[in-house]
Amino acid sequence: MSTPLLYALAGVGLCLLGLYGLIVYAHLLRKILALNIMGSGVFLILVALARRSGDSPDPVPHAMVITGIVVAVSATALALVLLVRFSAATGRNQLDDDEHSP
Amino acid sequence: MWNSLSIVLIMIGMVFFIAGTLGLLRFPDVYTRLHALTKADNVGLGFLVAGLMLQADSLTTALLLLLIWVLVMLAGAGAGQLVAQAALQRQHPVAKSQDDGRGHD
Amino acid sequence: MIEASGTPLPWIVWVILLPLIGAMLCFLWPRQGKTLGLLTALATLLAVIALYFQLLDGGVIRYAVGGWGAPLGIALYADGLSMLMLLMSALVGVGVSLYALGYFKHSPDNPAGFWPLWLLMWTGLNGLFVAGDIFNLYVTLELLGLSAVALVALAASRDALGGAMRYLFVSLLGSLCYLIGVALLYHAYGTVDIALLGTLVERNPATHVALGLMVVAMLLKSALFPLHFWLPPAHASAPAPVSALLSALVVKASFYLLLRLWFDVFSTVSMDLGMVLGVLGAAAIVWGSVLALRQTRLKLLVAYSTVAQLGYLFLPFALLSPLAWQGGVYFVLSHALAKAAMFMAAGNILAFGGHDRIADLDRVAQRLPITMTAFCLAGVSLMGLPPSGGFIAKWLLLDAALSHDQWGWAVMMMIGGLLAAAYVFKVVGFAFTQADAPHDAQPVSPFMEWSALALAVCAILLGLNAHYPLELLAIGGPVTFVSPSP
Amino acid sequence: MGAAMTEAGLFLLDLLLVLTLLCLAWWSLAATDLFKGIVLFIAFGLVLALAWVRLDAPDVALAEAAIGAGLTGALLLTTLSKLASSIDNPPAKRSSPVLLWVLLVMLAAVLGYAIMSLPQQAQGLADTVASQMGNSGVEHPVTAVLLNFRGYDTLLEMAVLLLALIAAWSLAPRAATSCEMDEALTVSPIVLALFRMLIPLMILVAAYLLWVGAHAPGGAFQAGSVLAAAGVLALLCGKRLEGRLAGWPLRLGLVLGTAMFVAVAAAVMVGGAHLLQYPLASAGKLILLIEAAATFSIGLTLAMLFSGQRPSRGPAS
């Protein structure tokens, strides 16, 4: 298996781990972590496949991923501020329909 | 000649890293673990950097490597201080406790 | 097709830059937020109108940002469909801006963030409508989604914070799914330009997976049944002007993007998915309407009505005729105007009585006649009664269904119309009766009442001037949009 | 023979990296203690930075280490300390139905199949970028794509960052006094002295990264995040923005990056050129100007997001 393929498949793995975490865990901070991991997986797919171009990798996906990283940190910051407000207002760290377990 | 010296230096660095990591895993409390990690790894990185400097193409690269070592030592010292302080504040036990020793309650 | 380089003012750029500049100014001088925000809204409206005339003169506009052109650079692209969306946003945007002038004067909701966030959202909307590049679309999609979430959270109630949180997760998940699709397409074809992709795309696994992911992402963001769970809490708990923006524009943006992908990128790939989308749309009409009927709170009722109405947008995917597509796009326009007006009216009623329990509306019809007129006119359009825009849209859809003897879809639309009538009349009925416990009333700003009425009247007028939008839609539209004779 | 050995060794290294990544991601999500989970997430980000290096993406590696692992980690940790209750032990989960597993396995298979079906060799836009480098005003391809070829994306991305800050401010109540964090951490003189040395050094590193971006890995985002890290350290040492700077000067600093970008992008249109179509002669300078403003704003914005509150305009604390 070639290096780009290996990393791209790892990216798929990270995406699915993130998706699993997002759906299954109730704590909102875990959901935010899960989304970040899923995002990293997508970025890994983008950059890994850019390595297929021989000597020098394709710079366009690199630029896209840098854009993506900044967007991701912005989204995370917003999510965290929202989480703090939500936690302060309700005293809880999960959404209403996630109360299946203690 | 330079090449083999470089390899030897890197190998020595690795030994220190392994020792530091072993200490991190095996030592009983926060303070001794910090001790192992910060001391051994700084020395290990020093050897590693020395070895890599011999491989560097230009003086600039060599100096940059040296700068990295200095920075890591500074950061390590600062971080070690902070972790130890936090552990003291939260009264983590000093002796043979099997507490996992994170600076958090 | 013209190159817009020679013209001194490429309006396609200014419809994006103006709201962005306005947002920065509003952030710099928060005390002048209202003035600056309103000026920006008017300037953006003028820029959109200028672009409209440019489009009428020269046809489809393609603009190479940075002068590079695809595949290296990013292209902006405007055709009749994008223009309709831009005009719709501008109209609703100005209406909501006027409404917000009155709303934040008395509301406990935090007004400081509204203007810059709303203008950034407008930047995202306009950027999305004129984007010709699927990665650029990802960035605009994030700009739009994050600003929408922040706007919902302005209400700062428990419900709003929870609704915003859920909305944020859905929005980010959708964007990531979309981005995987972008990654697959880029690595399969070496470009992210929509026009180029349209010529290159062929049937292979990567294309199909990208199509699937992108479609699911857009369905999630446009809340098609059964992925609608996040919409009612977010739309119902937001401040009224924000609810209007979300229901009128934000969900339509992802629907627009779906159309773009469907026709301009994946047109050569199998359309088997269409039937699935149509069936989900029909299910959304029934399910959303039934839930709307069962609500006891006015804003939740209006939000579930959005779930139901969004279902109609997906019927053309199964009907597959030019008439149906025209009907679908027409539905987007008429629903945007009507639903914005309806949420604004609901906001007035909430501000007036301090609550939105339907059973306790307490003669609101006599006490807020302008607002109730707006609500009823918007309701006429939602039900699809003549002469409203909603009537034309449904008529086009029905015609498309009946001319191909697809009776099932027609029956679905009839049921949807009846249910819509039921939930609208439920509200209207209580608006005329006296509640057991009369409540004290707060004054409602005339800005709020008249802007709601203005948008509702626009929704009706849309039905009287049906040929303008349809002619505009034909400019540069995909072949299937141009009908032989309407 | 030797080459084959190296090849095999590198493949083993890749395999190890990939497995470490997946394990760290899993442990981070499933950790019983959220604090541990966040620390593992930071470790995940650092290992991911190594993966970027292996994929010949040093720019992404720098951005990941500074923003993805560093600042996101710092944001997560401060948030954890502000939550009503930070205990989630054992992790509250929904029961994961069989359907979910079927869905995930199918998704994995489909995505994996799609990726494997892509051609083994593909140029992408590498050649196109290389052929236009001479017209871009800079010598580093990633910087050329970010600030010139696809500069419009970057412009909107700056707007997204600004949006995050405006949203955070509109949600966070204005701090009456900013003593909350000061009390939480008593800073020892040794640490303070170290930080006094580190902060100017970090500003220097940021300036270096900004300058070097024109011809080597680096640039506004990496520089901005290093600057932000300096700001975060200063905040941790109890430094606060002076009251007279906390009003419009601060706001101006925050919008400067986006504003400069828009101004330059629009100004070049005066001669009839397209948006962001820099004149060739001054392209390098204009890009540096945009990047300098962007670095400053990114650093300030990220540091403000970390502080989590609007600075009060009252007397300096």
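The chains carry the letters A, B, C and D, assigned in the order they are written, with residues numbered from 1 in each.
Basically, contacts are C-beta pairs under 8 Å (C-beta built on N, C-alpha and C of every residue); 3 or more make two chains touch, one makes a residue touch a chain.
Fair warning: this is a prediction, and the values are worked out from it, not measured in the lab.
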| item | value |
| --- | --- |
| Contact-richer chain pair (by C-beta pairs counted) among B-D and C-D | C-D |
| Where chain B and chain C are represented by their mean Cα positions, the distance between them in whole Å | 56 |
| CA centroid of chain B to CA centroid of chain D, Å | 26 |
| Averaged-CA centre spacing for the pair chain D and chain C, given as whole angstrom | 32 |
| Of all residues in chain B, the ones touching two or more other chains | none |
| Per-residue overlap in chain A, given as positions that touch at least 2 other chains | 15, 19, 45, 49-50, 52, 60-61, 64, 67, 71, 74-75, 78, 82-83, 85, 90 |
| Junction residues of chain C - those touching two or more other chains | 135, 139, 142, 146, 149-150, 153, 156, 180, 186-187 |
| Pairs of chains satisfying the touch condition | A-C, A-D, B-D, C-D |
| Sites on chain B touched by chain D in the complex | 71, 74-75, 77-78, 81-82, 85, 102, 104 |
| Chain D residues within the chain A interface of the complex | 10-11, 14-15, 18, 21-22, 25-26, 28-29, 34, 37-38, 41, 44-45, 48, 51-52, 54-57, 59-60, 63-64, 67-68, 71-72, 75-76, 79-80, 82-85, 88, 91-96, 100, 104, 107-108, 111-112, 115-116, 118-126, 129-130, 141-142, 144-146, 149-150, 153-154, 157, 160-161, 163-165, 167-168, 171-172, 221, 298, 302, 305, 308 |
| List of chain A residues in touch with chain D within their complex | 2-10, 12-21, 23-27, 29-30, 32-34, 36-37, 40, 43-45, 47-54, 56-67, 69-78, 80-85, 87-88, 90-94, 98, 100-102 |
| Footprint of chain C on chain A - complex, ascending | 15, 19, 22, 28, 31, 35, 38-39, 42, 45-46, 49-50, 52, 60-61, 64, 67-68, 71, 74-75, 78-79, 82-83, 85-86, 89-90, 95-96 |
| Chain D residues touching chain C - in the complex, by the definition given at the top | 110-111, 113-115, 117-118, 122-125, 128-129, 132, 148-153, 156-157, 159-160, 162-164, 166-167, 169-171, 248, 251-252, 254-255, 258-259, 262, 265-266, 269, 272-278 |
